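Chain nomenclature is as follows: A, B, C and D, assigned in order of appearance, with residue numbering initiated at 1 for each chain independently.
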Amino acid sequence: MTAPASSEAPIRVAVLGPDGRMGAQTVRAVEAAADMELVATVGSGDSLSAVTDAKATVVIDFTRPDAVMDNLRFAVDAGLHAVVGTTGFDDERIATLSGWLAGKPDLGVLIAPNFALGAVLAMRFAQQAARFYDAAEVIELHHNRKADAPSGTAAHTARLIALARADAGRGPAADATTSGIEGARGADVDDVRVHSVRLPGLVAHEEILFGAEGETLTIRHDSLDRVSFMPGVLLGVRTVGSRPGLTVGLENVLDL
Amino acid sequence: MTAPASSEAPIRVAVLGPDGRMGAQTVRAVEAAADMELVATVGSGDSLSAVTDAKATVVIDFTRPDAVMDNLRFAVDAGLHAVVGTTGFDDERIATLSGWLAGKPDLGVLIAPNFALGAVLAMRFAQQAARFYDAAEVIELHHNRKADAPSGTAAHTARLIALARADAGRGPAADATTSGIEGARGADVDDVRVHSVRLPGLVAHEEILFGAEGETLTIRHDSLDRVSFMPGVLLGVRTVGSRPGLTVGLENVLDL
Amino acid sequence: MTAPASSEAPIRVAVLGPDGRMGAQTVRAVEAAADMELVATVGSGDSLSAVTDAKATVVIDFTRPDAVMDNLRFAVDAGLHAVVGTTGFDDERIATLSGWLAGKPDLGVLIAPNFALGAVLAMRFAQQAARFYDAAEVIELHHNRKADAPSGTAAHTARLIALARADAGRGPAADATTSGIEGARGADVDDVRVHSVRLPGLVAHEEILFGAEGETLTIRHDSLDRVSFMPGVLLGVRTVGSRPGLTVGLENVLDL
Amino acid sequence: MTAPASSEAPIRVAVLGPDGRMGAQTVRAVEAAADMELVATVGSGDSLSAVTDAKATVVIDFTRPDAVMDNLRFAVDAGLHAVVGTTGFDDERIATLSGWLAGKPDLGVLIAPNFALGAVLAMRFAQQAARFYDAAEVIELHHNRKADAPSGTAAHTARLIALARADAGRGPAADATTSGIEGARGADVDDVRVHSVRLPGLVAHEEILFGAEGETLTIRHDSLDRVSFMPGVLLGVRTVGSRPGLTVGLENVLDL
């Protein structure tokens, strides 16, 4: 999303983990954003004091699970907002972080497992559509080096659809299959079928299909490059300061 | 959408225009709905008094532009809610109808140019996604007997996208095309490009594409049979009584 | 395919099984074809002599497995060409029929399990493309009343791809999947993965995907109505007389 | 395509233009091919004698229109086969080159405007399918920095379809459009409609749609990276020696 035209001072941003693939991309994105200034980068082994020395107001963390909690402890203590793409947040870590934030009513932290706006929108639309359709299935298509099937995003999407169906009083979709070859009908994720295609030449694609008598609705997201995560990261930086407390999931920032 | 399980008395429904293609489909759909009772049908030339004699509480109108205003005058006077799929509502008719309803604070009328839930959802999702993407285009694909290009739905979708982009401060998308064959880039609808494919074997399909660096999001609706309009009609019947005044557009009933 | 303009006498056609769904469609198609004349129809219980009495030169059989061999015996004896869509032809029946035809060097019989030109073309293209790609997968999508998964057409397509790969010296495609949910990777048909989607609103669709580094090729067939089988049936009628002996499969008539 | 297992000596290859984007990719591809040996590269300004000194038997030319004819003159004189991806071959150049080859009955030259196997296959399949369908349209989708619309490949595909239709005695497809917005029906290329979509996030995609009553057939090629041209280049190197004379177009090498 384009930065809103503004005469305000740019947001002072520090990037933690600038040498990883996501971090390096983020450095370039912050440098290119008219409403932000990259004031510090902190690589592995560097001192976090560079962040406060540079008077950053927002930190972006694309480091590693074993470093991120120390980084966040530092940011919260220093009164800095944080946008976090590092993985490894379980319930315990979420609780710990919430505890730290309890005493800082003005501070915002955004943790997002997925910064791809398109993936987040696709999931949200899937949730919205689910109750209107008799049945739904998910197809995800990835390059043939991927180790897990289905993808985490597709499994998560299927679970969101299952929840939305349950909320609307819908049970599992009818399935008339009585004979066939094992696996043809895909993986069963909370009664929603998920199919995983693996081919060289593909990157990362998800297709969510809904059906009712006489019509189908399809939502498809094609992700070709991690540069596509940057609008989500920048949106997080722009909004984290006005959203105090802990926010988990970019979808909560989109104001849909 | 499945009817909610209920011990309440069924909704008493009258169908005006039961012999047209949409009306005939509607008759079957009302008869099949567990929470509704078809108490009257009024064909061309029949007396509307059959509706009140049968103690209908909701009328469904799939008649013609030259009949629908008289039908609605009758329904409003008789204190009946109305769900209307008949076309031909311009600003003047909307104003007239609003005037009639002003004195009936408990009465609801729903006018919907499109009862296909999928088409309505696709448009809504397009509106929601538009501000997050650098550009959008629409492809609509129909059978080769269609006289207009682009379709009304596709043109309307393009206008909604243009409005959502404007609201977000986005101008027209960049277009680097400098040479080519006339028409290749489609129709320009408020700076959103719309492409119309016509082939035998197609029915009615719409595809809305959004793009940003590294990713695309696609929303596609395939409509094969007018039976697909029935869940939208029945949803209208179920909700019109609790939504007083005039409602234009099924999207306002979906509670997205 | 449009009939070629011609001043020749129309082909005299008899339809056996005119009351079934395919037979009834065929009757209409023959009647509408400018280069054919429907001279007889023979329903269940009717005498086959009507065919010879009417001086038919080609019979079309859409009857049942328990009737078709008697019909073909009659046709061969009477010197009539035959186009057959009835199912149930195993190796034994094929051998029997070939034996009958051995003594009739001018007579042609075409048996086709699938008269949909698009399905036959999709399979042929899949065979042609298979040797150029590192991997292939098949997705078939059908209405949710279908009992078997995968569809016979999809399984047959996968087998044709596997054969073409083997002919080109290609082994099974690499699959890096090491963890996941059972069934996600679809059914294994001769080392080609096949995925079956079932949704109301779908009819009959097949998608064949090929991948190599940096590109994918997709062939998709959408079948909405059995009227789509008619061009294949009529093509069979037009060509069977010039193709003596037994031909199995419409693909052999297409001259690709 | 995988190289056939072989105990033969590797093909000795020289790459002309190794510093351009295609040339650099080609250098890597030849180095990685088990049945080839890269024996020389000749950049702009280098002497072509390196090619003969290294005893190359095949040269690959990805240079520039102003250099390629001199390179080919040298290759033909030296008795070397050539695979050429450089553009700019008009009828005059083709005639000149044919003249040179006339005196060298054992020498092969392959000139290909497009080395993407998928694009070439898609065009071939389109030609094969065209005569069986009532109508066809082409949609091409590219990134929004593309200057021409439609793409050369899409326009060429449309012309091939038009030719195949004409060969089968088919006239222009019926079009019922009587009203609409200019451009909606796309560009008219020999009576075949071509639609050009431009969005950031897209790379290079072509979709060819065929329709007849009750069915559609779609052929789609997605090209994400120029690495996808390498199998075509290597196939050219492997076959050029056994195909004397001038061959224009990779499709002639595919033996479909």
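Heads up, the rule we're going with is that a residue touches a chain if its C-beta (ideal position, glycine included) is under 8 Å from a C-beta of that chain, and two chains touch if they have at least 3 such contacts.
Fair warning: this is a prediction, and the values are worked out from it, not measured in the lab.
Of all the chains, the one whose CA centre sits at the greatest distance from that of chain D is B.
Set side by side, B-C and C-D show the greater C-beta contact count at C-D.
For the pair chain A and chain C, the distance between C-alpha centroids works out to 47 Å.
Our note on geometry: chain B versus chain C, Cα centroid distance of 40 Å, whole angstroms. For this pair, chain C with chain D, the centres built from the Cα atoms lie 34 Å apart.
Shown for chain D are the residues that touch two or more other chains, namely 201, 210, 212-216, 222, 224, 228.
For chain C in complex with chain D, the residues that touch the partner chain are 1-2, 4-5, 116-118, 121-122, 124-125, 128-129, 131-132, 168-170, 210, 212-231, 254, 256.
Within the complex formed with chain B, the chain C residues making contact are 201, 203, 222, 224, 228.
Remark: chain D residues 134-137, 139, 141, 144-150, 155, 173-189, 193-202, 209-216 touch chain B in the complex.
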